[in-house]
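Listed after this line are the structures, all set down as structure tokens.
The two complexes that follow have chain A in common; it is paired with chain B in the first and with chain C in the second.
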Partner chain A sequence: MKFIHDAVSILRKDILLEIRGKESLSLMLFLSLLFLVIFNFALDIDKENVSLLASGILWVIFSFTGILGMGRTSMSERDEEAYLSVVFSPVSPESFYAGKVLSNLLFLLLMEAFTLIFFAILFDFEKIITLLPQLLPVLLLGTLGFALVGTLFSFLATASRYGEVLLPFLYLPVVVPVILGGVSSMDIILNGKPGGPGRWLQIMVVFDMLYLSLSLLLFRYIIED
Partner chain B sequence: MKTNRIIIFLFLMLLILLPLDFFLIFKVAPTERVMGDVQRIFYLHISLAVSAFVALTSVFISSILFLWKKDLKWDTAASVSAEIGVLFATLVLVSGSMWARPIWNVWWTWDPRLLTVLILWFIYIGYFLLRGGIADRFRKAQYSAVIGIIGYVDIPVVRYATKWWKSIHPLLTKEGGGLDPVMKKVMFFSMATFLVLTVFLFLFRFRLARMEERLLILKKRMED
Partner chain C sequence: MNIIELRGVEKQYHSKTALSGIDISVGERDSVTVFGPNGAGKTTLLKIISGLMQPTKGKAFYNNKAYSESDIKKEVFYLGHKTALYNALTVKENMDFTCRLFSLNHRGGSVEKTLREHGLWERRMDPVNELSQGMKKRLALAKGFITNPEVFILDEPFTGLDLGWRSSVLSKIKNIRKQGKSVIISTHLVEEGYALADRVAFLHKGKLLFIKKKEETEIGEIYGLFDSLGENIR
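Now for the complex of A and B:
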């Protein structure tokens, strides 16, 4: 019970910080909008190809925008060594980690919702909104995978002298299975390809469980030194 | 002193083993009927892959031991193994590419196995980037151990996820029945040679790294 209570307190702290500072979420939203514009030029998206390109574009935006957001939220902990006050409080490192994962998950999901809406508007692709109930498990599992690895690695990266710049180098190779699963299952759903997204969802479930347990074991070593 | 003797012994062994291995590969092993001489790259390619895998497993185990024992020598062991692992993985990619050009008619293809090795390569490059970015010795060890563990565990997941794209990589086990017995012997000899090379490189580099550390401590003491 204490574990959940502490994690929720951390989450509440981050939401409060976000409402007051508007640092990470607003940056993510602008970046994702910018990405949509750039992709429009780069790929010349029209009514014919939008359905085929959608899943790839969206997951690239989700992963890169996510890096920016998660780098920010752990930078805010590293600034003036704020995380030390958490380390010295009765909150366990594991519940601190869980709280940070929850806040990252929340911000990422908000960014994704925003991106999906603007994707539908800008490229006249309402199908992505009507298929949302089917896409939801894909988004949830994929984003959870991002948040689990991203939270852990952003704490590693921000401790180095390269700071957030290092995050993509550590994070992207490890989340390849999530990106692969996300792109493939979204593609299957949007284009009605045979087979269904089942086994891709399975891979994402395995990934999430694996990294949840590993991170809970290892996070302690990142903030206690 | 004991390690010193082992290093010298392994070095002398390699002086015989490596030329012999190349002699066996190029002169003794029969030429493959379909692929011709290019197939000889396999003996190096697979041996390098096995050695890279052994080195990266050593990173994983040393990382766990470091987090458990908090002894910096395990961190040195992990980073030295990672150096060897990255070196060999790079050579695996290069040798595979050299083989693929005449046989598959491309330098690179997005095959699951190739992709897995490439991702693995990226993960361990990240490992060294992180190490380069942290000055504090203990923190560096602690953080890179986390990457050493997470990166290694990721490999089977990446492998599994990429497998659903149709693989064109040749599978030795499936063709194992038809493999020429001489080829098989040369293959095992080559693998053994490269494993000896891996152990030699590890011990040699490990001793060097420990000396560097000792030197740093001495320098610091003299400054104080």
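Now for the complex of A and C:
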């Protein structure tokens, strides 16, 4: 119970920080919109090819926008060394990590929902909304993988002066399996390809579990000097 | 009885030795002031005492237990060079968050009482980034008061404060002493550090030149040491 209470306290604080500071989610929403507009102009997307291109475009947006947003949530902990108020408290590093993952997961999912809606409007592709129940497990598993790795690496990277520049180089190679799984599963669902996304979803579950166990082990060393 | 004890502590950053041969203990209701010029290793020493940093060699004990087996981080309040506050949150939200972390009832009036004692109640709805440095330091100390730790570890608590705020923070730390808490302070401000100390220590180039009872050390001796090291601190 204490673990959950502490993680929820961190989540609640991050939501409050976002409401007050508007640094993470707001940045992600703006960037996502910017990416959509750029893709709209850069690619010759029409009704014929939109379902073939959709998964690639969306996961590029999710990956890059997500890591910038997660970098900002970690920076809010590093400013004034605010995270030390959690380090010097009865809250365990594991619950601190869980709380940060929950807040990153929430912000990422909100950004993804926003992106999907605007994608459907901008590219006249309402099919993506009607297929949402099938896409939901893909989005949840992919986003969880992003949040698990992004929380760990953004905390690590923001300890350095050039952390936010360094972050994508650390994060993206590690989440490649999740991105591959997300792109392939979404492509299978959107284009009704045979076999279904089951195998890719299994791979994503395995990687999420791997990320979770390694991050829980490593996080306590990252928050110490 | 010693609450905190460091034995033969050494800290190296790559090839540079930041601390060596440190033996220091802090007892119940004890107040130790660590003086030293810039770069002497005061911050490293306080980070090791707080458990935030691991020594390269030597051992640290909290209530006779090795740090790794103790709850040191739950029992000390550490205030470093920065204030450990969330800048975008208001004064009260920072206090409420601290209460939640410590499972304290923030609705029971204790937050109001503590903020009033620190002269911050009127500013409770203001975001921290609108406060002066002196107010931030007082809010950081207020967080320490409300969590009621056994030991306060304060690294250069007077840095960046003008004379008025300095005396305000000094009186807050005196209050901590009155409550019977152990206090470890690092500073290069001799008057303030001396006023708060039961024992004084002097650190230079990572080595403790001495640690003595206040009665055995004249304030002039500390000034003299700073002068001999070419540090103009008067």
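Operating definition for what follows: the second predicted complex is superposed on the first by the 225 of 225 C-alpha atoms of A that agree within 3 Å, B and C clash if a C-alpha of one lies under 4 Å from a C-alpha of the other, contacts with A are read in each partner's own complex, and residues count from 1 in each chain.
Here, a residue touches a chain if its C-beta (ideal position, glycine included) is under 8 Å from a C-beta of that chain, and two chains touch if they have at least 3 such contacts.
Quantities reported herein were computed from a predicted structural model and do not represent experimental measurements.
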item: Chain B versus chain C as contact partner of A:R161, first or second or both or neither; value: first
item: Chain B versus chain C as contact partner of A:L170, first or second or both or neither; value: first
item: Partner chain in contact with A:L218 - chain B first, chain C second, else both or neither; value: first
item: Contacts of A:R20 with chain B and chain C, given as first, second, both or neither; value: second
item: First, second, both or neither for A:L180, with chain B first and chain C second; value: first
item: A:S9 touches, of chain B and chain C: first, second, both or neither?; value: second
item: First, second, both or neither for A:E80, with chain B first and chain C second; value: second
item: Residues of chain A that lie at the interface with chain B and also at the interface with chain C; value: 225
item: For the chain A and chain C complex, residues of the former touching the latter; value: 2, 5-6, 9, 12-13, 16-17, 20-21, 23, 76, 79-91, 224-225
item: Residue numbers on chain A that touch chain B, as the complex places them; value: 149, 152, 156-157, 159-162, 166, 169-170, 172-174, 176-177, 180-181, 199, 203, 206-207, 210-211, 214, 218, 221-222, 225
item: Contact footprint of chain A on chain B as seen in their complex; value: 67, 119-120, 122-123, 125-126, 129-130, 132-136, 138-139, 142-143, 145-147, 149-151, 153-154, 157-158, 160-162, 164
item: Residues of chain C that touch chain A when the two form their complex; value: 47, 50, 52-54, 73-74, 76-78, 80, 82-90, 93, 97-98, 100-103, 127-128, 143, 147
